[in-house]
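Some notes on the structure that comes next.
In order of appearance the chains are A, B and C, and numbering begins at 1 in each one.
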Amino acid sequence: MQWAIKLDMAIPRPIRVILRGVGQVFFCGNAITGLIFLIALYVGGITAGLAATVGVVASTITAYVLGFSEDDIDAGLYGFNGTLVGPCLFLFLENTPLLWVYVVFASILSSVVLAALIRILIPYKIPASTSPFVLTCWMFMIAVYSFDSLTRGPVLPAPGIPEAIAGTDLPATAWLSMANETTELWYVALTKGIAEVMFADNVLVGILFLTGIAITSWRGAVMALCGTFVGVTVPVLLGASQNLIEMGLYAFNPVLTMMAIGWVFLKPSAGTALLALLAGILTVICQAGLANFLAPAGLPTLTFPFVLTMWMFLFAASMSKHWSSQ
Amino acid sequence: MQWAIKLDMAIPRPIRVILRGVGQVFFCGNAITGLIFLIALYVGGITAGLAATVGVVASTITAYVLGFSEDDIDAGLYGFNGTLVGPCLFLFLENTPLLWVYVVFASILSSVVLAALIRILIPYKIPASTSPFVLTCWMFMIAVYSFDSLTRGPVLPAPGIPEAIAGTDLPATAWLSMANETTELWYVALTKGIAEVMFADNVLVGILFLTGIAITSWRGAVMALCGTFVGVTVPVLLGASQNLIEMGLYAFNPVLTMMAIGWVFLKPSAGTALLALLAGILTVICQAGLANFLAPAGLPTLTFPFVLTMWMFLFAASMSKHWSSQ
Amino acid sequence: MQWAIKLDMAIPRPIRVILRGVGQVFFCGNAITGLIFLIALYVGGITAGLAATVGVVASTITAYVLGFSEDDIDAGLYGFNGTLVGPCLFLFLENTPLLWVYVVFASILSSVVLAALIRILIPYKIPASTSPFVLTCWMFMIAVYSFDSLTRGPVLPAPGIPEAIAGTDLPATAWLSMANETTELWYVALTKGIAEVMFADNVLVGILFLTGIAITSWRGAVMALCGTFVGVTVPVLLGASQNLIEMGLYAFNPVLTMMAIGWVFLKPSAGTALLALLAGILTVICQAGLANFLAPAGLPTLTFPFVLTMWMFLFAASMSKHWSSQ
């Protein structure tokens, strides 16, 4: 919205760049949106908020020091991967003083990897998106098995063969036949689906995120809502784990996919909205597949199902006579 | 052959495009060849034939609807990945009504992934080949561990560490010292090696496939025969599992590699025939390696050993002063 | 140094090309340096020396026969991957006569993969480095589980879930509080860190390698020393396995990373020296992460942590206004 853009420009440059970095997690290069996201992160938990702050500052400073594109830095593009690195490592690893140093190094690496992927993808005009965050966090999380001074937290899935995943949970197909009793379940799952993009298992955080997105773009907010709806409905229909669906863990990837395809990177139309829906559905299957593929190594998918699906659809869209990138 | 090309053009366009899609599984953009392949698929099993039909139709329609290159669609290039997706999912997953929906979505995704890979590979003039089929089927097969409404079939290898693979079977080195008794074994292994490209464990299907290829190109048929010979001989020499060799499961990848290198993508000559032989031998080792690498996740190699080896040899050939692409 | 360059040119061409191939393992396109490396390899063990000789000859001849760039062949670029393939397969697999044939095929493939990767990386002006050696050896090592005539040696890690790695060894953090008693440990670890680039667990070999590098470039030797220092210090601080650190198994990757970033591929300056230090530190974490990621398949990292880190930093450097490639 107009007023949000004006307010964004009124904020002193260093703070604006950092806040935009937070906003870019949901493709919003606006400091007001970023501020709402940051407040939401602190609402979700002080440690998560601090870790995100350290991450976004470290990755943005790295980009300045290493001399990467100032335009990209100003847009907050060198901030959102760091924003995600911080809370991710504090969620999955044991909280120790050394972990703060570890987060700083991971944030630095995320900016190096982002610059590298931007370079690789230049000929194709395709965004690197959150892939630097995912690749860096995978490396830093799985490395701790070799180090005595850092430890896996209880949330990080233990390494093992994927069959162990099946049958541990109640499938959610029951939801379909008892819509009345489950209205609250749906409400919780849908909002948490948005909150989990930044690792928050919290309804209020999801609502704040959605508000922040709506300030930047209505279409963006609608796509986010459709994404979380797909990310709850499709796994219910397929009979996925009720527990994972309730926590929004199938929804945060379709949220990002539908925002990327239906709003950010292709020219908005009815056609791209349908394409976004198709991409959202396929993201769910991609997430289940990747989760089982990574199980032997003990890694979570993070946002890689979104990255993979978005890449496939954007590369494919550039071969179509129907769509053009924005 | 001339008459096959004429007959191909006489078939109504929609049917021609679909049949060419089936033919392209063995690089044959000819509807008559495709018709023979499709008949062979139904000979192998009604379900496999139906699944292939659903797959090729769904993936081809997807390409039309999403607006991809009409020339490519007409040549059947948006059909062969779908042709393979169908029988693959019906072989490895439990046959349920929902599986037909699953096959349709996988076939749709295979066309999106193909367009994406064509775009990525444009600067290099390298074909995507069956990689979209492999990537899509891996994702869709391993995803079912998370869903209650779809189940792994008995043929899909259970996830586990690769050492489990060793020692479960009689090694085939004995074949070498008793050529007389094993003439029939060789005959069966060689024909099944061609049939297994489309998941058929059936001698007659292999002979029909070879006939279909010969109609399009003699050199193609010779390369297919050499490929299956390499795919039986080399694993016998290395002492691989007799059971797998007999079923042709080491041969279908070298068949495709030798056809691609020795006939389709490089200018035919004595030199490229030798290069194809080298590529065929290395495909066998690549297949054994990839099979063990994928074992912890419980995935079969499908045709990825062929794709990897072909890519390496085609990229390398473009750096050579000897060969040029066709 | 000047005299080394003159001597290099005085050696007959075929021998010069082969020796340069050995020298290129440490980025030294000089036959005298290569000769010192080769002598060091034989000092480390006759089999390793012979295997390296077979590998470098086979991969170089392959490049000639397949018609790849003569300039690249003359610089020894088609030799160093073969040089590494030979000792690698003889270290990790059981020594049998058939293994020599296996090494020849792997060396041939390494040259094909190198040409392919050179082609892929041309638009980016990024070197393939030792990635063909790593990819080829991974494939050939893990393939043996399927073959009766080749066997895993005792050094190759058995497939299993990564947690098994943790807790098997004394962490090395104790070193920090007892600097006196550990002077010899440090000396051994630092020299072996250089020797392990070519799989030698031997102090003298490390010293010979360092001498060979110094003959070509002082800056190269300094970077190698800094790299092995980082590769011992950082894992000690993080509490990695004392046993692995003592054998130099955390150090050979940072050695190569720091030489690549701080000497070979970027214009030498104080800035690139600091960048090399950062890259060296991150290589250690990358190595730990990759080791645990590969554990389920039973594969060692080889030099892939170096390759990955170097690629990220070189791609990123090409996006920076500070650095330019040499």
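Details
The rule we apply is simple: contacts are C-beta pairs under 8 Å (C-beta built on N, C-alpha and C of every residue); 3 or more make two chains touch, one makes a residue touch a chain.
Quick caveat, the model's predicted, so the values are computed rather than measured.
In terms of inter-chain touching, the protein chains here all touch one another pairwise.
The rotation relating chain A to chain B, fitted on Cα atoms, amounts to 120°, rounded to the nearest 5.
Of all residue numbers seen at the chain B-chain C contact, under half occur in both copies; the interface is built from largely non-matching residues.
Mean C-alpha positions place chain B and chain C at a centre distance of 36 Å. Residue numbers of chain C whose C-beta contacts span two or more other chains: 123, 161, 296. Residues of chain C touching chain A in their complex: 123-124, 161-163, 165-166, 171, 173, 235, 237-241, 275, 278, 281-282, 285-286, 288-293, 295-296, 311-316, 318-323. Across the complex, chain C meets chain B through its residues 66-69, 105, 108-109, 112-113, 115-120, 123, 138-150, 158-161, 296-299.
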